[in-house]
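Next up, some structures in structure tokens.
Shared between the two complexes below is subunit A, which has subunit B as its partner in the first and subunit C in the second.
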Partner chain A sequence: MHQLWTWVFEPGFFSSAPVRVAAVTGGVAAVVSAVTGVFTVMRGQSFGGHALGDVSAAGGSGALLAGLSPLLGFVGLGIVGAGVMDMIGVRRVRGRDLATGIVLGAAIGLSALFLYLTSVSGATTGAPAQILFGSIFTITSATIPAVVILSGIAVACIVAVWRPLLLDTVSPDLAAARGVPVRLVGLLYMLALAVSVGLSSLAVGAILSTALLIGPAATALRLTRTAGRAVAAACLLGVGATWLGILLAYDSYYWGAAHQGLPVSFFIVAVIFASYLLSGFPSERATGGRRDTASPASPAHEHIAA
Partner chain B sequence: MFAGFMMNTWAVATIVAPVAGIVGFFVVLRGSAFPAHAIPKGAFAGAAGASLLGISTLAGLAAFSLVGALGIGALGRRGRSDVATALALVMMLALGAAFLSRTTEYEPEIYSLLFGEVLGVSSTELLPVAALGVVCIAAVAVLYRPLMLTSVVPEIAEAKGIRARRMEICFLIVVALATAMTVPVVGALLIFSLMIGPPAAARSLTSRPGLAMLLSVVIALVTVWAAIAASYTYNWPVGFFVGTLAALSYGLGRGWASWRRTKVTPSAAPRLLAAADRT
Partner chain C sequence: MGQAQTSAATPDVLRVDGVSVSLGGRRILDDVSFTIGAGQFTGLIGPNGAGKTTLLRVILGLQRATAGTVTVLGHPRSRRNPSIGYVPQKVLLDSDLPMRARDLVALGMDGHRFGMPLPSRQRSEAVREMLHAVDAERFADARVGNLSGGEQQRVLIAHALISRPRLLLLDEPLANLDLRSGQEIISLLARIAASQQVAVLLSAHEMNPLLPVMDRVVYLAGGRAASGPADQVIQAEVLSRLYGHHVDVLRVHGRVLVVAGTDAEPGADFTADHALEAG
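And then the complex of A and B:
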């Protein structure tokens, strides 16, 4: 029995400080990402959610260059980017994705410049890989309070505009007809998304930021019927995937003779990806194997379900 | 800047830009901005893996960009296409992170694969890049009619028996090929800027597809040449100039389009309405 326990939880797992910090930071990131992620998937803003991760990373490398706090860079440029996307984007999905792409391209260009200037000034090496992939095990416990507070603000924003946002998401015309301030609600959502993605990019890296935002939410939307239940399910899935990923990463150091292990992000993404694939089977059976046959490229078909 | 070693860079750029402009025209038309970003980015993970195994990075790029294209197509079958793109992307990036964790050797190469490298093009790369470019343009030429039909009037295309799903996968594969060949100069992260900015600007200037494609190629060429020249002069990364110039051309295009809209005349109204509908 004890052998089984240590086979699953390799020695030192529960007492390891980095593991604890990772579990808390990852867990918080997963919850915030789940809340904003459900709306992101419903609104078809997956590109925007991903793009803001890269925009935040540009802010991070800029902050690195200027010697400012990375948190400021990530969240700050994320908010600016979200504002610009909202401003120049148009209502139709294609125009909006185009605007997102342009902002993203400019931000990546900035990233390239900042990283180059950093390497020239002789500062840190390994910066590109760090910024792009991030590492959940290098967060210090000092950043946890700021992360938690900002996360709370992002979640509070979404909860505050829950009903109008949901109405605008499901039926924008009806929302406008009912007098919902759709521009304002949309902007608030984008800002909450920016903060959420900025935080998660900083905390768990760019890959996980997108994975935690989209994966659990999309899976949950396939399995549940209402937005509220989807958020709850996405939280559970996200936190579960994160903790399982951390465990697997920790254990992986003991696998094989090389004792190298694999990165946490890999395991978390693998778990999320697998759960999304698995969630496809029940809904496949329920609809008799025939999904909406509309082409994904056609603009007229923007279905809500994932 | 036209010294011997730079001629390769100019040559590659002149091959890359038209392909980006032509494929990009359809990227913008079909609203495939996300896959155009995701496929190169995921392909980068393949390049990392290829480096690890000692195979050519171009092969790794091509393989992973194809995997990405097919993955996005397959996942998009049962769910939303943007969710499919996001998940396929992060899975490939996660694999890339796993590959990279195995070794700490080639960081400069990572940088140039991601952001582009003015001086990084060798003569041996020219031929494969040109060959892939020809294949891409040939593919677009062959697929032109069904591609246009499914992009612009999907119901009519269905009625004609053209399967939208199949065209989408074909198109994604073309994007994958274009990706694999354009990364040497522009880098994985910024190739999509070339596939979005110039074509979007071109479409703001004209609604006729043939002319728009031509303009798209011209603007892409100017963008890449200017970016290389600027990068050579100021020593800043080529990618930065590409991203900025692409955004600039997009902005100018939209500015022009909205200025034109304020000068509506009775005869121009239908065409302008059609153009406005398209944005």
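And then the complex of A and C:
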């Protein structure tokens, strides 16, 4: 039994300070990403979420160049990017791809510039990898309060607009007719999205932040029938994948003779991807099995009948 | 069905007075006026592009009128009017949407409120009652995206009715339904209009399925409207004036067909825009 335990948890796992900080920040980032991500997937704004990741990359690399905390850059520029996307017209379906594409292109250009300047100045080695692909074990415990406060803001935003946002997701016309302040609701959601992406950029890197935002949410949406349960399931999946990824990365140091640990972000994203694939099997049962056993009056049949 | 007596005593549920809408220099609605009394079933009939959706959006306050007024229950129309229920055209309910029929109906009650809903016996009882009223109880727990077109319409109607409106607006609710589902929705609406004293204004480009239940018709063509009892409005003379060229109204086995007249002056008003649907 003890042997199995030490085989799963290599020596020093629970006493390691970097592991503890990583588990806390990663777990918090996973929860926030799950809460926001369920709405992002439902609203078909995954591409927008990815673009905000690239904006975060520009912010993080800029902050690194200026000698500031990357988290400040991730979240700060992310919020600006979300505001710009809202202004260009992320609300209108037609304008959405355009807004996203323009913001994304500009952000990647800025990241390229900042990361080049950082590497030339030689102040930090491995800056591009840290910003783009994350390095959760290098986060210091001093960052934890900021992470917790930011996550509180993002979750509070989503909880506040929960019902109007759901209604707006079903039909913007329906929401507007009910007198929902759709602009305000949309802005609060974009704020939550920017903060979530910033936090997951810190955990798994700006480029991979989409995986933490979209993966657990998409898996949860396959398994549940209400928004509340989807959010709960996405939180469990996200935190589970993050912690399992941290454990695997820690253990990977002992796998080869060379004692070369593999990147955490890879493991987290791999676990998320695997769980998404696995969730494909029971989905028919969870959705009530109506998709395939549809009544004779299913839309497809009606179309033929008409 | 006739509610003419009651509507004379109480204020009109809806009064549209001289409403005009111009968009980008194009006149969509031109001096449209009509009233709807309590519990009346009114068909908003007209060919595609006649301005039916625009008119409904003006009534809802989603579209600003260039001229004219809309009065609801004797008061100027205000935004977030709980006395109007609305079923929009083409609500795309994706099968990935994690929402059961009963959740969508519940959003009709408090979807405009901030915060998450707290579990409440009263709330779920009201939802159950409403689902029963539209005969949707048997798929209450199915995902809305997996329901058939007719089932989705029932859920959307329940969503619109649960706030107990006095006026229910439906934008082309029969557009994507087969004949039988369409008939079921129409008789459901007629039943609700009578039993709950809800006035119904339903837009459609095809009037025949509505003829047995319509108290009144508002016929829109070329941005202009004529309103009144169906047999008075659906006349060659009235509709020819609306279309701006001669049309014939044919009555065949209880069905009505509106067709372009044979003596239309070539090239005058008769453009593709005016191509009539059998209605």
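Methods note: the second predicted complex is superposed on the first by the 269 of 306 C-alpha atoms of A that agree within 3 Å, B and C clash if a C-alpha of one lies under 4 Å from a C-alpha of the other, contacts with A are read in each partner's own complex, and residues count from 1 in each chain.
Methods note: a residue touches a chain if its C-beta (ideal position, glycine included) is under 8 Å from a C-beta of that chain, and two chains touch if they have at least 3 such contacts.
The shown structure was predicted, so the numbers you read here are calculated from the model rather than taken from an experiment.
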Which of subunit B and subunit C A:A175 touches, first, second, both or neither: second
Which of subunit B and subunit C A:L104 touches, first, second, both or neither: first
Touching partner for A:V269 - first (subunit B), second (subunit C), both, neither: first
Which of subunit B and subunit C A:G280 touches, first, second, both or neither: first
Superposition-derived comparison: subunit B or subunit C, residues of subunit A touched: B
Footprint overlap on subunit A, where subunit B in one structure and subunit C in the other make contact: 41, 222, 291, 294-295, 297-299, 303, 305-306
List of subunit A residues in touch with subunit B within their complex: 41, 44-47, 49-51, 88, 90, 92-95, 97-98, 100-113, 115-116, 119, 125-126, 128-129, 132-133, 206-208, 210-211, 214-215, 218, 222, 260-263, 265-266, 268-270, 272-273, 276, 280, 283-284, 291, 294-300, 303, 305-306
Residues of subunit B defined as touching subunit A within the complex: 28, 30-34, 36-37, 76-87, 89-91, 93-98, 100-102, 107, 110-111, 114-116, 150-151, 154, 164-165, 168, 187, 189-190, 192-193, 196-197, 200, 236-237, 239-244, 246-247, 250, 254, 279
Touching residues (chain side subunit A, partner subunit C) in the complex: 38, 41-42, 159-164, 166-167, 169-171, 173-180, 221-222, 224-230, 287-288, 290-291, 294-295, 297-299, 302-303, 305-306
Complex contact set, residues of subunit C against subunit A: 60-62, 79-81, 84, 86, 88, 91-93, 95-100, 103-104, 107, 110-117, 139, 141-143, 146-151, 159, 176-179, 181
